[in-house]
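Look at the two complexes coming up: chain A is in both, with chain B in one and chain C in the other.
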Partner chain A sequence: MSDQTVQNFESLAPSAGQKFTQRVLPLAVFALIILIIPMFNPSNLMLTLLNVMGINIVFALSYNMLLGRGGLLSFGHAVYFGLGGYAAVHAMRAIENASYGDGGFWASYPVFFLPVIGFGVGALAGAIIGWPSCRRAGTPFAMISLGVAELIAAAGFMFGSIFGGEEGISGDRMNGPELFGLSLGPINEVYWFIAFWTILGTVGIYAFTRTPLGKMSEATRDNPERVEFVGYDPQRVRYLVFIFAGGFAGLAGGMAAVQYEIFTPEAVSLAPSGMVLLMAYIGGIRYFAGPILGAVVLTYMQSMLSDYSEAWLLYLGILFMAIVMFAPGGLAGIVAGLFNGLRADDRSERVSKWAIMVVGCVLAFVGLVALVEVAIRWSNGYGEVFEPFGMHLPTASVLTWVLIVLPLAAGFAILRFGATRNKEGQA
Partner chain B sequence: MTVAALSITDLKKNFGPAEIIRGVNLEIEKGERHAIIGPNGAGKSTLFNLISGGYHPSSGSIKLNGAEIGGTKPFQINRMGLSRSFQVSNIFANMSVRENVRCGVLYSMGYGYSFWRNVGNLKEVQRKTAEILERVDLLDKANLPAALLPYADQRTLEIAITIAGGAEVILLDEPTAGMSHSETDRAVALIKQATEGKTLLIVEHDMGVVFNMADRISVLVYGEIIATGKPSEIRGDPKVREAYLGDEADALEGDAA
Partner chain C sequence: METIVFSLLNGVIYGLLLFMLSSGLTLIFSMMGVLNFAHASFYMLGAYFAYTISEASSFWIALIFAPILVGLIGAAVERWGLRTVHVNGHVAELLFTFGLAYLIDEVVKIIWGRNAVDYRVPELLDFPLFELFGAQYPAYRIFTLFVALAMLAGLWFILNRTRAGLIIQAALTHPHMVGHLGHNVPRIFMTVFGVGCALAGLAGVIGGNYLVTDPAMAVQMGPIVFVVVVVGGLGSLMGAFLAAMLLGLLQTFAVAIDTRFADIFGFLGLSETSEVGAISIASLAPMLPFLLLVIILMVRPRGLMGDREL
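Right, the complex of A and B next:
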């Protein structure tokens, strides 16, 4: 081999500048956003929302270690979140008891570091449950994860001393030694705690993707057969990734324990397991930032949209189905597509295409919302009437049905027109 | 006498009542280029899968440098110094060419399952990767997504991943399948150069490639090796001509001339 390559082998890898703009800069911007938010004096309600977003960001990123990076579809990831969270709440109680009692180890353990306990217990649960479930990928893995989730969810209502029965286990975060001058009492102090662990968790999970194990996890997702012939045991790769994913989910659980000061068996049930799947998938599992985006959007929908409409879960379901069918890259994929499209040569053509799609989507969505909202009021039977923008839309009115059918039909017609035109363009 | 790189004795494999490999004996010396030929359905792929750990032998033994590997898992066999390519391109489609080769390099350089190192900082891994890429002439395509490579280049990448781990015994399963004449010539030159000094076991349908590359040839027919020898011996063997080569053998005379 020539000396020239020996000298230039580094030129194959991305340059320092590229590394900075592609890896360091996005993380730095992410951290910066988190750090400057308090300068805008957000309300307590807003802070609570942001804290939940931070928890969900770490949780969704940990889920994507399995789904996006490892190709492992889990229906029971909340198990590790929940077990980590429960462990943190129990530790929080131990801190409380120790600081009013005879001291000892827990008296000197700061509440600020409870997510470490969550990480440890989540990873331990991953190590135990992953042992049988990571032997196979694909459908068997998904089925086993579902079985385990059912098992733990059922156990949640049985083992009262661990899970606290229906009312759960609660603690008080304002005990033990204070760190960084944070009493963790008021919500704005909890924000710094959440910010710290969100940034640390995100950087940690990103760093994991850069390790040999992280890379082989992607290789195992793509081609487990080939992985065996470069010296790796795919089962072992999956198992180790599973432990880390469990650990980071537990970390998020530990963050939640401090935020809520209570954990109930719902936390280990199927509902949050499904929610984290939706966050990661809607955000975009092929992009590192995807789950972050998904966690932010879905957390917002969960708390804000539910104020506007009791049918918000329907909208979430529609969003999920639309993403699966039409935008498998998720929200991050759409953003990346827009970004690349605007820099392409045929950008004017693309923009007009997008404009058509957006108009179609908006129209279809307007019709759909009207239909759902009118239907749910009719179904409730309280005689309530859907009144958007000062309009009066009772079930029996012709105007209502015009406002439902017309946008729906027009929207789908436009989308269909756009789709056929795209196909002709490709042919 | 030195230990054979690969030594197969009385190897049998049956799937239920179907006997696919019916007692194969084969000795391959270190540094030898050995080709296995045979009609479709003779059991060539099954034999490959048995050697590389894909299947468990029903009976018999397979020894790699004197150590039994029959029934061992593929990744263990790989770590013992045997690597294989596949008939259909079997690459990591979502990664760049460079990352593909890097996956092949990592384990052999001792980085195993490590989760505390940044792959970007592993200088010797980068150096080795670049070396492999240069050896197979893919250096200028290093940062392309592997899935976008032309077919012939994907086959080359397949070979690059196969040799990346530094295995001493290389199994190539129809490395030139589906290639044009000029691509085949290039591939043969590349394989010869990239596997220099290594033991090579190759299954190939293209007789030109086989007789050009192999030091010795074994003919597998219905799960048994009916002849093993130098290309000239195989070409002249009446049993082989009868069982398999026939018209192709005649064509060969022209090729070899």
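Right, the complex of A and C next:
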């Protein structure tokens, strides 16, 4: 009896091998993928896409420091991204002026280190704005972040010397001292810059989650009262996390400043704040890799899907709603579920369950796409006809509606069947 | 004098419109704890339904049926959407309504196009009612005033003088107790959600032709409705009414004032040409609600008349 009550805490700690495979290896693989990509000679279009992905990865990870790790739902995270980015563009202009003029501090500041400026300004903005916002979590925090975002967005059009009015502020990245032999002119050199900062940002944010502060932030998310009893101040923990999240968002902003060489007041508005929320949540906020996955998928959708369909925002909305309702773990959660399920004992049963779900989802998706695409063409009124795979689907034809209603109905019926079977299996 | 009277009238009408929009949200928020991001989207749906129905028949039929239609959609959303998400907590609910707002926006763009639709004031009410200081005042605005007041009276009557209203009031503060007493709380939730959305739809029917009916109207109105609810306070329709009036008057008066910062702070040496000096009070009008929101949340988190903190 007494042997069982005494716990051996050493056996609970992960071994060195486990630590390596769980903590170091995924990051090393992530860095390796980023470093290997240029060997496949990607096109300039692809490189631009990859650069935007890198920026969004750091941005979404910084957002998840708040939402996933801290339980703080923010509707204004783009404020820190934008302010950091604006600071970096202003610094870029200072470098340009200094290198042609009298020199001084900015003449010796390499463009390569502009994200550091972004980090500083983002953290500073977080320190100022976070002070009133972090008193409470939950809805008050969300509302304050929304109010502040609206205020800053409105101010963006008011202070022309800082935000540059409608057309924004632009700079030139090819000035100042060169670092690592990168002139940052061609896009493939910018890729190395983005790769460096993406890896550094990701490792930095991961390292943050391992610090005592990062751990306390998770504790504050789960049970602020208990944190208070243990002797920590939840308000202070939230505030410090908020500053760091703002800093990393500013770092992403600094990366974006070098990539685009321009910042407009749109960058601090509500739209990018909503986008980063979608990225983090669709990817999966409970996993560290979730926002990375979400940033990659959504950036790809944003640039590729928007070429195929005008309604890509609608698809994005549907994806988001489906994730909120049926898969709160996000894409990363789905992947993890698959991975664990394949190693479980009742493997075959799970696979058949998944097969039913996949068939249902695909059928419903086909019907939905047909409906949306036909509707879009009808709405535009140019007389254009939806022609997938050589088929001709005008609005008025019976075949069109059969192709819409049949898969939709069949898909939902199958999904319903799968859901009720699962319930019976559990009962 | 002229400006004051006109701003007062317009401010009161705008405030009443805001109250129509936010009364439903206050009920929903106080009872279910859901800050419905899509509430302004239901307002937009109301305006678009009214446009389509009044094209096919008349404005008066739209006035009755568009809010009912919006209310039914709202109830369906609660029944098959929010209830599923409820188990995952308030953040998931907030995110659900956030996604819903996205969806409704896109669907509206597909069905009615990206540009503003020509939703006009009915001809019967399209005349100047009276003349004030040489300027004509349109009858439709006064009609808006009366519809809003009628809604206010109706809401007050239902909530305070009927059995259903008393149950709703009880469920606002003690949902569990109401459930223990044998009332079907989920159905109360669904009804309140539906009615709240219908009220937003009514505001859309009235406000759509008074302001403008385009796909951006939800995004413009949404955050302001939150401000009304938060400033008014949790569980208080009276607070929402005061906050809506305050915001309506504040915004219309600010727009009417053309004073610049340089005129006010001129004694500090602020010049007309400097950037801060050139900012006029009128251009600050869109910022005022959010300034109020942040200040209220910092200084008095329970709002003007709220019975508990957010």
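The definition used in the following text is that the second predicted complex is superposed on the first by the 416 of 427 C-alpha atoms of A that agree within 3 Å, B and C clash if a C-alpha of one lies under 4 Å from a C-alpha of the other, contacts with A are read in each partner's own complex, and residues count from 1 in each chain.
As a convention for this text, a contact is a pair of C-beta atoms (placed from the backbone, for glycine too) under 8 Å apart; a residue touches a chain by one contact, two chains touch by 3 or more.
Note that the structure is predicted; figures quoted are calculated from it, not measured.
After superposition onto chain A, the partners chain B and chain C occupy separate space and fit alongside each other.
Of the two partner chains placed around the shared chain by superposition, neither chain B nor chain C is touched by A:I33. In the superposition on chain A, no contact is made by A:V398 with either chain B or chain C. Centred on chain A, the angle reaching out to chain B and chain C in the chain A superposition, using CA centres, is 80 degrees in steps of 10. In the superposed model, A:S379 makes contact with chain C only, not with chain B.
In the superposed model, A:T139 makes contact with chain C only, not with chain B. When the shared chain is aligned, chain B comes close enough to touch A:T211, but chain C does not. Across the superposed structures, the minimum distance from chain B to chain C, using CA atoms, reads 14 Å. If you check the complex, the residues on chain B that touch chain A are 52-53, 73-75, 78-79, 83-84, 86, 90-95, 98-99, 102-104, 106-108, 111-120, 122-123, 126-127, 129-131, 133-135, 139, 142-143, 161-162, 164-165.
The residues of chain A lying in touch with chain C in their complex are 71, 73, 132, 135-136, 138-140, 142-144, 146-148, 150-151, 154-155, 158-161, 270, 274, 277, 281, 311, 313-314, 316-318, 320-321, 324-325, 328, 372, 375-376, 379. Only residues 33, 35, 81, 84-85, 88, 90-92, 94-96, 98-100, 102-103, 106-107, 109-111, 113, 219, 223, 226-227, 230, 275, 279, 283, 286-287, 290-291, 293-294, 297-298, 301, 309-310 of chain C touch chain A when the two sit together in their complex.
Across the complex, chain B is touched by residues 1-2, 5-6, 8-10, 12-13, 19, 207-208, 210-216, 218-219, 221-223, 225-233, 236-237, 240, 244 of chain A.
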